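Naming follows writing order (A, B, C, D and E), and every chain is counted from residue 1.
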Amino acid sequence: QKTVTIGWSGAITGPTSDAGSNYGAGVEDYCKYAQAQNMVPGVKLNCVVRDDQYNNANTQRNFEDYVGNQQAAAFLGYSTGGTLQLKSTIQETKTLTFPGSYHIGNIDQPNADYIFLPISSYSEQLISLVEWVAKKERGAKIALVVNPSPFGRAPVDDVKKAATRLGVTIVDVQEVGGNNLDNTALLKRFESAGVKYVINQNTAGPVANILKDAKRLNLLGRMQFMGAHYTGGEDLTRLAGDAANNFIWSTSYYMYDEGDKPGIQLVKKVGAQYSRKPDTIRSVHYTSGMLVASIAIEALRRTKGDGSSAAMLKAVTGMTGSQAFNPGFTVGPVTFSAKDHVGAETLRLLQADATGNFKAITGPQRSAMFKLVHPN
Amino acid sequence: MPASRFTQTGNYRTGYRQDQTIFATYAEQASLIALLLLLLLLPQLLPKTVLRDVNMIMIYAVAVIGLNITTGYTGLINIGQAAFMGVGAYATALAATRWNLPFFVAIPLGGVAGAVVGTVVGLPSLRLKYLYLAVATLAFQIIFEWGVGHSPLLEQGGAISLPTVQVFGVRDTFLNHNAFWYYLILPVLIVLALLWRNVLRTRHGRAMIAVRDNDRAAAAMGINPGNSKLTAFMLGSFYAGIAGGLFAYFQKAVVIEDYGLHISVQLLAMAIVGGLGSVPGSFLGPMFIVALDRIMEALSQKLGGANLFPAGVDVATALRPLSFGLAIVLFLMYEPRGLANWWRLARLYFKKWPFKF
Amino acid sequence: MSLLPQLLLAGVVIGSIYALAALGFVLIYKSSRVINFAHGQVIASGAFIAFALTQGGLNFWVAGLIAMAATFVLGMLIERVFLRRMVGQPIIAVIMVTIGLASVIDGILHLTPYGAGSFSFTTPAALTGTGLDLFGTPLSRVQIVGVLASLALLGGFTYFFSRSTLGITMRAVADDQMAAMSVGTSVERVFALAWAAAGLTAAAAGVILGLMSGLTIGSLTGIGLKVFPVVILGGLDSVAGAIVGGMLIGILENLAAGYLDGVVPGGGTREVFPFIVLLAVLLVRPYGLFGTKEIERV
Amino acid sequence: MPQLHVENVTLTFGGLNALTDVSLTIPAGEIVSIIGPNGAGKTSLLNCISGFYHPTRGRITYGEHDLSRAAPNVVTGYGIARAFQNLELFRGLSVVENLLLARHTHLRYSLLDSLLFHGRASRQEAENRAYVERVIDFMELEQHRAHPVGTLAYGIQKRVEVARALTLAPSLLLLDEPMAGMNVEEKEDMVRFILDIRREQGITVVLIEHDLGVVMDISDHVHVLDFGQRIASGRPEEVSADPRVIEAYTGVSEPVAVGA
Amino acid sequence: MTAPSTHPSPLHAPPAAPGDLTVNNVEVVYHDIIQVLRGVSLTIQAGRVTSLLGTNGAGKTTTLRAISGLLRPENGRVREGTVSFGGQTLSALSGTDVVKAGVVQVPEGRRVFKHLTVEENLRAGAILGRGQWHADLERIYTYFPKLPALRHKQAGYTSGGEQQMLAIGRALMAHPKVLLLDEPSLGLAPLLVAEIFQNIRTINREEGLSVLVVEQNANIALRNSDYGYVMEGGKIVMEGDSAQLASNPDVKEFYLGVTEHGARKSFRDVKSYKRRKRWM
């Protein structure tokens, strides 16, 4: 029996570890599950999950080990900076890579032949939100609040372009990090500038603080708060409490409480099987981790265990049309082709209800505008 | 002169010039040559992943020598060394991508940029003492990170990729990446370490130490404390800048997170564990911290798989910060002079061997 | 309603929390000349202890008090186990010990279920809702209690240091340990007490912060860094300086956020503005606004 | 050799006048003592001369150099060296290293020379070392040469302090209580060094000292300060008989007996 | 210097009275290797002033530290022998407990708390009389009438003599029974030295305080003490009533600097023959 390596390197500790630890757990558990199911006959799956502490030097070392020493069939990445930094090496080594960062720059040429985003990019997520706003109110004034990092800044340019075309205005772009104990100034300025929509590209913590302050300042009714994938979910409602009410979130994943979806059933089953804490299993990042692992393993399965990069690339770019892969974690199937490096590009907008659960307010959809402002 | 230079019982010094030499005894000179040979062959002897760590250690060592110049020898506590590395890295990246300069020009330019910025940041040291200066360097670290994040020229901290390097027809590829850079970093490190050892034997080095020990007395000796402090900052951040330039190429792209506060802390830890104000310590410290991290990583990998602990308790992830912190604390408590002191004791032992007393 | 008064008010609120966080710093520095880089970690410990207790079903207030007692002991332990051996070592060594400690406590926190993820207190009934409306800015009860608690603790310690014999003794120890010993002061007891008191105020700060912005290990420990501009501005060894410094930084941050962010592309100026001010202040007043000038006679 | 002129120097700290309108001249080649009660401003005057304090008003010149606003290291460059009242040595460094430091201004090579340690730097350092060894011989510090200064007995440290000042090759040496805390015999040693320094090298010496016996025996000239003002000056016999000096300082009504 | 060849005998150290503090054959090492005291025995008699003379590095300060328990912070240790006072073995106590037992040391070089005001310095000394510090302040101010005017001045900016008075006053705040003074005349002008010693005498008389004073200025120390010891190389080499010591020829030459005929030696006559080498 031959052994094939799939390696993940991400932040189990350090910055963004709240997401990273669950993400890593998802990768690890899905792999064990796949092995137990003998998903790839004749192959022993060797899934390695390593903590790089959000430190790019560690990421590169892990990459070298996976790819250089263990001939990994796929590299599962995590951080924005780490992935961007690795692009030329990924290209050179022809390593199939699925980052945890949905930065569109990851799949922008050059050096992007082997990189595939599991779900739609931050840009597309945010533009979907802008489209929603534009549909609701022409000429609406929107403020962007982004994380002070490459991760946060990634979609800003695309969103600005899209807004112009959609006939809404981005009044302000603000960076807010994890230490925002008080957002009075920010919100008051938005208020006086007539902002009615605040779109966040951030992690849940800073967004929760903004929501709580907005509630205190009686702005929740007057401003609609929204955000991309890493802003929402359980984390947000836990932190913001009832201030999260009505928050609109865009993501491609199914929610934990959509128990009828096969992907969520699988998440619950696997999570229980490997005795994860409830918080982990409920976390959307756990699902995300399972998704990338499932894509890599599916590709390997389709190569019949041939983990070579040519075979893997063929398998992945073949996931299109009737050959699309649908593990059920996301609202749409995972489709890739030589031109299409985004997997589950359909997404939904969801809105938090009074109990803190996110309920879909749109069906699965794609952003029409995104393609226009960011042609490949 | 004894009949044979090799049978004499010691190297007798008959002039002050001889007293100045760094490698004085024949034993020292012989071991130096052996060491150099070993260093040349190292890439052939080491597994590739370890070689990567060796490269990291050498880059850190350059930065730590620089940190020692400001903090160890001159006593100016610097919590922003990673930012100076960052200055060098970004300067190198700009030189390489905007002006298409070759790496052997771009990296020294990084050093020069580090030195220039370092001198400016050092200006408050003319007035500030002790902790107040430490906090000023901390402020610089934070302002630097923020500034890069707001600078479109620097991709707002996103990746600036560096061109692939070619030397004597050999290209830097994934397969030879570590060995390739090993042979480039090693001579840089050796030269930089020797240059600093030279400074230490001269009035400039002594003046820095004097300023550290007692700046008023130093002034009474005709030393301009401000000059010495600025020189220290300039040299120290020159080294940091070179380290940053090397790191940029070694990582293939410059990303702001690589030059954050935690790296500054790590560099300080390396300097402390190695032994503040010691050149061998500047090598031993990075070695120790990197090795410790690798061991702990391996250990947490093992523990993580073992499911020994109740759900929700993540021993594996706690190990690295815990061991890093403990290493620093224990060293300071029980061996404040750092590994350099062990090194010294070991050398004394071998010098006297087989006579142990 | 014009923006300025609202910004000032928000600055005072957040500033008083900064001041409280800074108080622990000052307490330790004042008596032992140690600058504590692990203070953010002690704050986080206090907050998580309180949180764990409330998770266990304890009343919020009781949990808060127990957490303060626990960090009181924690502070004492840190001093006893780690810092006591460092007496007489150079400052850089002592600073580095606290940096190491920060990492150690981080590791220990990662051993708990709170090492990763975000949590949030169930706000006690007495603190829910709006408390006051000043200048058109509604203040939550949490904020009001935070400000009052900070001011009470700060006032108490100011009085303590200037008037009480023990307070004077603590300052004496900072000045010259040997001389303090010669008049019979137990330097060790003074240090332990300073660390313990700092621990206590840290838990208070941690719980208030937790109430206001949730419990995430990174942002709680991050306060440890935020406190630097405060103490440097106010002067490392001045309780009054901590108050003024805290308020000033809080206000400056808000002014930056209110006026500069609109001008600077990307904004986020509140993150750096305090540090820029800090540098400027240091160049004019190297000992901060209220810090003791080192007496140097040759 | 230049003369030191202190002209109408006033030094204020906050509201306090440490020095008020002090004028005096130190002639080349003499041993001049400054005495006065504690807090009279003796050390402050020395600090003004050596650049650690700057007079609020008045002027201090040494030859053609104006010292009033000069930094300590600049003053040292003019050939004025000092030993401190409270030891200000580099405690972690050995005696040799302490003295080598004092050669700083006599070495002329650049940072680049330092980095490369080629000809100029290396040659000057060797000469430098030889010079230091001669001072060590002179001050009889041979046996302590390699010891860290901090571990030496107090009396020896005081001697290192003077040796270090001497290594600067000054033309004017300022000594602030070099004999405090010494017994009679140790004082005799220190006196011998001071006399030899003057005799063999013609260095001008300014001495602050509370032991009147020493002051009266070896000074050519004595100035008395009280509350920041010069209240008397003259030859030792004259000063010790001055009633104002007796009242403010010595408290002894008869002049101190000049030794047999 | 050469040690006085004769140890005056018989020793007329009086038998220990109840209030005496006795140092018994004490040996002290620093860092576990540097032996400084080699069997020192002495008695501080109740209610009297005792002086301890000796060259630099003889171990005088070390002796005081051995009594006051301040060796530990200097990495020193009493290896042998005992110090006892009022039935207690001081050498077993910590510095704090020694002060509680009534023995307080005024450290060499004064060591006032520079950044505290004069009054705060005194209050910092009142660790035992906390409740009554007000009354104690007044008591100290009557002994040192210069101090009240300076009460709000930072101690670091007061003159040497004022600092010495402050240091003594601070020690007195703890109501000691035995006061240990380390070179109180260091760096002080003659008039102040006299004043300080007068103060010591007054306090000694009025409070019945025993005093041990370590001095380089043998002249004034012997004049103002009842009994004296001379120490060299970590040993007591001579002792006796102060007057008697002052007339000893060796003490005269080496400590008092007077010739046999009573005239003061001139420093101009220093022994230049000692110089072995010429310079340049």
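As a working rule, a contact is a pair of C-beta atoms (placed from the backbone, for glycine too) under 8 Å apart; a residue touches a chain by one contact, two chains touch by 3 or more.
Nothing here was measured: the structure is a model prediction, and the numbers come from that model.
Student: Report back the single chain whose CA centre is most distant from the CA centre of chain D.
Tutor: A
Student: Relative to chain E, which chain's C-alpha centre is the most remote?
Tutor: Between chain E and the rest, the longest centre separation is with A.
Student: Based only on mean CA positions, could you tell me how far chain A sits from chain C in angstrom?
Tutor: The computed centroid separation for chain A versus chain C comes out at 36 Å.
Student: Would you kindly tell me how far, in whole Å, the mean C-alpha position of chain E lies from that of chain D?
Tutor: Taking the mean C-alpha position of each chain, the two centres sit 29 Å apart.
Student: On a C-alpha centroid basis, what's the spacing between chain A and chain E, in Å?
Tutor: Centres of chain A and chain E (C-alpha means) sit 76 Å apart.
Student: In chain A, what residues contact two or more other chains?
Tutor: 12-13, 17, 21, 148, 153, 175, 277 - these are the residues of chain A that touch more than one other chain.
Student: By the touch rule stated above, which residues of chain B touch at least two different other chains?
Tutor: Answer for chain B, listing residues that touch two or more other chains: 146, 149, 156, 216, 312, 314, 317, 320-321.
Student: Using the touch definition from the top, which residues of chain C touch two or more other chains?
Tutor: 110, 113, 115-116, 265-266, 268, 271, 297-298
Student: Of all residues in chain A, which touch chain C in the complex?
Tutor: The touching residues are 12-13, 15, 17-18, 21-22, 148, 153, 172-182, 184-186, 188-189, 192, 204-205, 208-209, 212, 216-218, 235, 238-241, 277, 279.
Student: Note which residues of chain B are touching chain D in the complex, please.
Tutor: For chain B paired with chain D, touching residues are 15-17, 19-20, 195, 198-199, 201-207, 209-210, 213-214, 216-225, 231.
Student: Mind listing the chain B positions that touch chain A in their complex?
Tutor: 47-49, 52-53, 56, 146, 149, 155-159, 161, 164, 173-175, 177-178, 251-253, 255-258, 262, 297, 300-301, 311-312, 314, 316-317, 320-321
Student: Across the complex, what residues on chain C touch chain E?
Tutor: Its residues touching chain E are 87-88, 165, 168-169, 171-172, 174-186, 292, 295, 297.
Student: So in the complex, the part of chain D that touches chain E is made up of which residues?
Tutor: 13, 16, 35-40, 85-86, 134, 137-138, 140, 153-155, 177, 180-189, 191-192, 195-196, 200-201, 210, 212-214, 217-218, 248-252, 257-260
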